[in-house]
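Shared chain: chain A. Partners: chain B in the first complex, chain C in the second.
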Partner chain A sequence: MTVTSAPPQNTRLMRTLSVLRDVVSRPSGAIGLFLVVFHVVLALVSPWIVPYDYKAMNSAMMLTGPEATHWLGTDHLGRDVFTRVLLGGREALLVTGIATPIAVTWGGFVGILFGLIGGRIDEVLMRVVDAFLSLPWILKMLVLIVTFGTGVEVLIPTLAFFYGIPVIRIARAATHDVVARDFVSAARARGHSRMTIIRHELLPNVLDTLMVEGAMRWSWMLLAFSSLSFLGFGVSPPTPDWGLMIADARGFMSFAPWGVLGPVIALSSLIIGINLTADALAKALGIDRAQKAPV
Partner chain B sequence: MLAMLLRRLFLGLVTVWIVSMIIFAGVEMLPGDSCTAFLEREAQGKLLENCREAQGLNRPAAERYFDWATSAARGDLGISANGEKSIAELVGDRLGNSLLLAACSLALGVPLAIFLGVVTGLWRDRPVDLAVSTLAIFAMTIPEFVSATVLILIFSVWLGWLPGIVLTSASAPASEFFPEIILPVLVLTMVMTAHILRMVRSSVIEVMVGDYIQMATLKGVPYWRIVFRHALPNALLPAINVVALTIAWLLGGVVVIEVVFNYPGLGRMMIDAISDRDLPVVQAIALIVATVYVCVNLSADILTMFANPRLRTLHMRRG
Partner chain C sequence: MTGPLIDIRDISVGFTGKSGATLPVLRNIDLKVNAGESIGIVGESGSGKSTLALAAMGYLKRGLRLMEGSVAFQGQDMFARTRTELEQIRGGELALIPQNSGQSLTPTLRIGAQLVEALRLHADVPEAQYSAKAIELLGQVRLPDPAAIMTRFPHELSGGQQQRAAIAMALAGEPTALLLDEPTTGLDVTTQAHILELLRDIARDRGMAMVYVSHDLGAIARVCDRVVVMYAGEVVLEGSTRQVLKTPIHPYARGLLASIPRLSDPRLPVALDGRPPAPGGAGQGCSFVDRCALAQDGCRTSRPDLERLPSGEAVRCFHYQEAHQLSLTGSGAIPASLDGASPSALHLDDLAISYRRPGLFDKVLGRDSAGVPTVNGIEITVAKGETLGLVGESGSGKSTILKAIAGLLPPSGGKITVAGGQALAPEVEHRSPDHLRKIQLIFQNPDDSLNPRQTIAQILEQPLKLYFGLTGDALHQRSADILDRVRLGAHYLDRLPSQLSGGEKQRVAIARAFAAEPDLVLCDEVTSALDVSVQAAVLDLLNDLKATQGTTYVFVSHDLAVVRALSDRVAVLYQGRLCELGPSADVYAMPSHPYTEVLLGAVLEPDPDTAPTLSADDVVELSPPAQGCPFQRRCPRKIGRICDTDTPPWQHGTQGHAIKCHHSIADLATAQAEGAAGQRA
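Up next is the complex of A and B:
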C-alpha cells in the first residue's frame, strides 16, 4: 500500500483511471470486468428482452429439452428456462449491490475509528468481533431470516450487518499501519479532531484496502445469498433466482440436466467475474489478496 | 513465552465467554421461546404459564444465562425443546459424523494443497502455475452447492460410479459411510485445497526472493537443497493459520454440502433445529461450533509461536 496524503480532486480521478487501465490490461481483470459489466447490464435490461413471461406455466410442455422456441427447454412447471436464467440474477444483484456498500462503509468506519482510538476499548471491540466471526455465517443469518421473513427488506440489513463485521478487522489492521506515521502525529499535534484526522489522513490511505475488501465481500455475499435461496431461505417463488432454480431442477437432473446447467453457468460466471476483478484490482493497487482465508 | 501463552489462552476464554453471551442474548431477543414453539397454536393462557413454569422460563434472564452457561461449561447442554432427549446425546453422533467428513477432507486436501502450492510458487507464471491457479479460482469461487450439483450430475447421474446421496443413518459406524462420503469429501477438498494452495503459493514466492535465499544461491548451494532446507520451513509457517481457519470452516460452514448430500452432520441438524425453532439445540450447536473455532485458532497460534523462533523472541521482547 502506498502512503499518500489526500490528493486534489483531478489527480484522484487520474489515479482511478490509471488503476482501471491497469485492471483491464491484465487478461484476468479484463475477463472479470467484462463478466461483471455483462451481468449488471443484463440485470438492468432483461425484463425488456426476455422471450416469455417468467411465471407463465404450461402444463403441456413440462421438462422439454432445448429447442428453437425454448432455447434451454422448460422446467417442471413448463416455464421457459432461458427467460428465468436471464432474470435470475436481478434479485441477487439488487440485494448484494445495496448491502455491500453499506457493509464496507459501516465496517470500515468502525474499524478506522477504533484503530485510531486504540487502547482498552479497542481490545474489547476486537474480542466482540472475534466472537461474531467464530459463529458460522449461516447460523447467524438463518436465525434472523426464519424469525423476520425472507423479504428484501430483511435480507439487505442482515447481510449488510454481518458482512460488515470482518471489514472492521481489515480496516483496523490497515489503520494500524498508518496511525503511527508522522503525518498523523502532526495532525494530532495541530489539534485536529478525530473526524478530521479520519477524513483527511487515514481514509485516503485505507481506501485501497477497503475497495479490494469490498469487491471480495460482494462475491461472498452473493455466495451467501444464492446458498440461502438454494436452501429455501432466500427469495420466494415464483421469483426467478439461480440458487432456487438449481434447487428445483436438481430433482429432475437425471433426465433434464439443462434445467440445472443454465443457472449453474450464469451464477458461476458472475461470481468468477467478481473474483477475477477483485484479484486484478488488488494487484493493480499492490495489495496481496492471497493471504486471505475463508471466513 | 509462558506469559504469552497464558495471555492467548485467556483471550480465547474471553472470546468464548462473549460468544456465549451473544448466543444467549440473540436467542433471547427473538420473538417467542421454546414453549411457544412446542405448544404452537395452544400457546396461550394457563398452558403457556405452566410450560414456562416447568422449564423455568419466567426467571430473570441473567439468572437463566448463569444456569445455562455453568451447566454448558460442565458439559451438560440441557434438553431439547420438543423432546425429553438430552442435547448432548442428540449432538454426539452428528458431531462425530461432521468430524469424520472434516478429517477425510483434511487428510486429502492439506498435503495436496501444500504440494500444489509449492509447485506453483516455484514455477510462478509458467503453464503449470497458470493452469493450477485458474482451476483454484474456479474451485474456490463457485458456490459449494453448484460444484456439488455438477459432480453429482457427472459421477452419479451420467457415469453412475458413485452414490450421489447419503442414506446411512446418523448413528451408523464410520465404516458404513463409504462410498457415500466420497462425493461430499471431494467437494470440500476442492474448496479447501484452493484456499490453502493460494496462500502457500504466495508465501513461497515471497520467501524465494528473500536475501538469504539469494545468498545461498550465490554460495552455490544446490537448488533443491535451498528449497527444502531454507525456503519451505519459512514458507509453510503461515499455512498453519489458514489450515486452522479451514478446519473451523469445515465444521461450521459445510451446512450447504450436508444438505445437498443429505449427510447427517451437525450442519443439517442446525438447519432442522432453526426451522423447528428448537432454540436450546440451536444455542448448543452454536456454542460447540464457536468453541471449536476458538480452540483451533488458538492451537494454530501456539503452534506457529513454537515453530517460529523469530516470533517467539518478538513476543518475549514485548513482554
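Up next is the complex of A and C:
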C-alpha cells in the first residue's frame, strides 16, 4: 500500500504549543494568563521594588487617604498600604503554590486508583470521601490548625490534604470513562501490572482534567488561605497578607475604604485570573469544566 | 406538477478550514429525483453522501455553507424558504429517517406520544383520530401488537423495532419523499433484510420517492432504481442500479465492487489501495487519480466533467470506455490454509459464561442465582494454523467467548486449554507470562483500542518491553520492523493515532498484537468499523501474516461474507449456544441448521438479481430459553414439544460438519430442497 501522509513531527511538544496558543487566542485565556503571570512576577520581585518598609509605622500619618507619597493611603498604624498590597500575596502564593501540586498529585493518584479498582471497594471508599466532603471545610481545617498550630509548615500539609479530597472525585470520574475503553482492556489482556496501566494508559488521558482541576483547586485554596488569615489563623502580623489586611482595615471601612479596597482588588484579580485561565484551558483541551466539587 | 420532485442543481458546499481557505465538501452536484423514484447514494465515509442528502432538505451541518447552486423541492428553492415553511415541509412532505433511531427517538416519551406529536404537526387528521391513526401506522410498519407498542418507551424496543417506529413517524406526514441516512447500518442481518423489504413495499404502495444513503451496496441493490456513486464530494457515476452494479463504467465503482467479499466466492476480495483526498486536497485533476489503475498523465492536469451518455448513465472519467478491463469480482488471494491433521492450538471444553453475579439476597438464601448462562456448552477445538470463524447476530455471545479466552471475563464453567494440553487460568492476572504472550486480542474499533495519548512507537513498545524486555536501539528497530510487516513505514512511529486513517490505525492494532509473536490471535470484528475498500486490505494483511507466521486465528464477525473469505472452519452461534460447526465450504454451500439457513438467506448481495430469503421473524430475543433448543421460538422448521424441552443433540455429517438440531442433516437437506421446489412452482 502506498502511503502519503503528513511529515513526522514532535507530537507532544506540538500539542503543548498548540494548546498554549489556543488559550492565549481566547479573550478569557489572554486576560486570565496575564493576571496570573503579573501576580506571580510581582510576588517574586516585590521586596526589591516596594517604596517603603512594610513594618515602618508612622503615628503622624494614620489612615490618611491616597496621595502622591502614599498611593493607596496608610493604615491605622500609619503603614503604607500600597507597599503592603504589593507584598501581601507572597505568603499566599508560596503556600498555595506548594500545596496545590501536592493536593492534585495525591488526590489524582488515589482517584485514578479507585477508578481502576472499581466495584464494591471503590463504592465504599467513595462514600467515605462524600461524608468527608459534606463537613464544612473551615471546621475541618480549624480543628487541625488549632491542634498543630498556625505556621506555614502546618498550613501547607493541611491545605494539601483537604484540597486533595475533591480531586479524588474528579480523577475517579475521569478514570471511569477511560477504564471502559478497549485500550485498557488490551493492556490488561497483555498482562501489564496495575501500576503500568495507571502510568501509561490512564494518567495521560486523565492529565488534562487534572490540570484544569488543579487550576480550580488553586483558586479555591487561595480563598481558603486568605479566609484563614482573615480569621487570624493564617499569617501572623506584622507580615503583610491580603486576608489579614482586610481583617485589620474593615473596622475603618466607613471612613478609610482604601485599606480594604487595595487587598480586595489584588486578591480578586488573582482569583479571577486563575478562573479565566482554567476556563480557557478547559476549552482548549476540549474538556468541559469539571463539575465543581462542594467545598 | 411536472418537473422533478427534488431538483439539486450544481451545488457546492464547503467550510472554512483552519488556514482560512474554503474547503469543499460537495463539488458541483446535480441530482434529480422524480416522484415515486428510489435513488441510492453510495460512497465511503467522508465522500459527502450524508451532506448531500441533508442538503436536499435545505439543511447543512454547523460550519458548512452553500457556496453555489440551488436545491428545489416541488419546484421551490429550499434555501430561500423561511424557517416556518421549512418546519412545515420537513417531517411532513419530506421526511428523514436517520441512522440510529434509538438516538433520534426521545427517550422520555412513549412511542404513542411521539407519533401523536408527528401527526399533530404534519397530518391532516382530526384530533380524535390521532390514536387510531397512530396504531394504523405502527401496523403498517409491521410491528406486532401496535396498541401495546404505543405505550412503550424507546428503550423497551429492539433496534429493529425502534427503526420501524421511526419509519412510522416519518410516514405520519404522508411524505412524498423519504430521505434515509444509513437506516439499517448497525442492525442484524435478518432485521436489516426485513426493514428493507418493508421500505420497498411502503414506497411502492404509496408512490413515495426515496433517497437512500448507504455504504452498503447490498442494501442499495435491494431498494433502489437508480444509483449515484460519490467520491471525494463529487458524483463519479450515475445510472440504473443494474448498470452501476453489474457493468459499472467508472474505475472507482469497479474497485469498490471488487473489494466486497461475496458469500459465493471463497477468495479474498481485492483491496483498493490508497485513500480519498481530504476536503480541498484534490488537485487540478481527477480526484480519483491516485488510486486509479487507468490513470494517465492527462488525468492529473485536468478534471473530467460528468458526461451524460445515451444509455442514461453519467460518468466522470476520461477513460470510462476502458473501465471494463478492470476486474469486478474478488480475484484476490486464496485464503492461506494448513492441510492435514495438526495438533490442537485451543480447546474450549463445555465453556459457560454468565454475566450475572449472585447478589446479596441470593447468598443469604443460598440459592443459585446464576440462572441461564449467557453462553453455554461451547465445545470447539481449533487446530494449529487454522482460522475458526465465529458468526452470529448481536447478542449471540461471540465477543463474550473471545473475552473469556483472553481472560478478561472469567467463565462460570468449563475449561480452556491451549497447545500442549495446558489449562489456562480463568483470570488474566493468574496466567503465566508465556500464556499471556501466546494469546493476543485485536479489537473492533482502533479508535478505542489505541491509546489516543500514546505515539505509535509507545503503543508498539508496550508488548516488546513486557514480553521481550527490549530497550534502546533494539526496541526501536523491532518496532520499525513490525510496522513494516503491516505495510506501514517507520516514519509512522512518531505519530499519534489521531493522525492516521481508520485502516492505518487498525494496522497498528494488528502490529501490536503480532509484536508479541503470538500463537493464537483473537480477532473481534476487526473490519466492522472500516470502509469496504480498507476492509479488503486488512483481510489481505491478516491472511498474509497467517501464511508467514503460521498463526491460529479465532475470527469473530457478524458479516458472514467476511468470515467466509478468511475462515477454514466456521461455528454458528445463536443465543450463546452452538448451532452449526463445520468447514466453511460445506457450511456456506449447504447451511443445514435452520438458523444458519435463515441467517445466510438474509444476507444481501450487491446484485439486483438476487433476493434474500426471509424465512423467520426478525424478533430479537433478549435471553436464551431455559431449556430445549435456543432457536425454538423463531425456528421455521420446529418439530414440536421436543424442541422446547430437550437440548438438541449433535447430528453429524461429513468432514466434521455437525449441527445441534433434532432434525438430521439429511432430513434438513430434503426439506430445503422441497422448499426450493415449492417456491419455483
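Throughout what follows, the second predicted complex is superposed on the first by the 281 of 295 C-alpha atoms of A that agree within 3 Å, B and C clash if a C-alpha of one lies under 4 Å from a C-alpha of the other, contacts with A are read in each partner's own complex, and residues count from 1 in each chain.
Note that in this section a contact is a pair of C-beta atoms (placed from the backbone, for glycine too) under 8 Å apart; a residue touches a chain by one contact, two chains touch by 3 or more.
Here the structure is a predicted model, which means the values were calculated and not measured.
Residue contacts after overlaying the shared chain place A:E201 against chain C, while chain B stays out of touching range.
Look at A:M253: by the touch rule set out above, it reaches chain B but stays clear of chain C. In the superposition on chain A, no contact is made by A:R21 with either chain B or chain C. In the superposed pair of complexes, A:K55 makes contact with neither chain B nor chain C.
Shared-chain residue A:I138: touches chain B; no touch with chain C. Judged by the touch definition given at the top, the superposed model places A:I271 against chain B, while chain C stays out of reach. Between chain B and chain C, B contacts the larger number of chain A residues. For chain C in complex with chain A, the touching residues are 271, 273-274, 290, 406-408, 428, 431, 433, 436, 439-441, 443-445, 448-455, 458, 462-463, 466, 487-489, 491-496, 499-500, 504, 512, 516, 537. Of all residues in chain A, only 1-12, 181-183, 185-192, 196, 200-201, 204-205, 207 touch chain C in the complex they form. Chain contact summary for the complex, chain B toward chain A: residues 11, 14-16, 18-19, 22-23, 26-27, 30-31, 137-138, 140-146, 149-150, 152-153, 157, 191, 195, 198-199, 201-202, 238, 241-242, 245-246, 248-249, 252-253, 255-256, 259, 267, 270-271, 274-275, 277, 282, 285-286, 289-290, 293-294. Looking at the complex, you find that chain A touches chain B at residues 127-128, 130-139, 142-143, 146-147, 219, 223, 226-227, 230-231, 243, 246-247, 250, 253-254, 257, 260, 264, 267-268, 271-272, 274-276, 279, 288, 290-291, 293-295.
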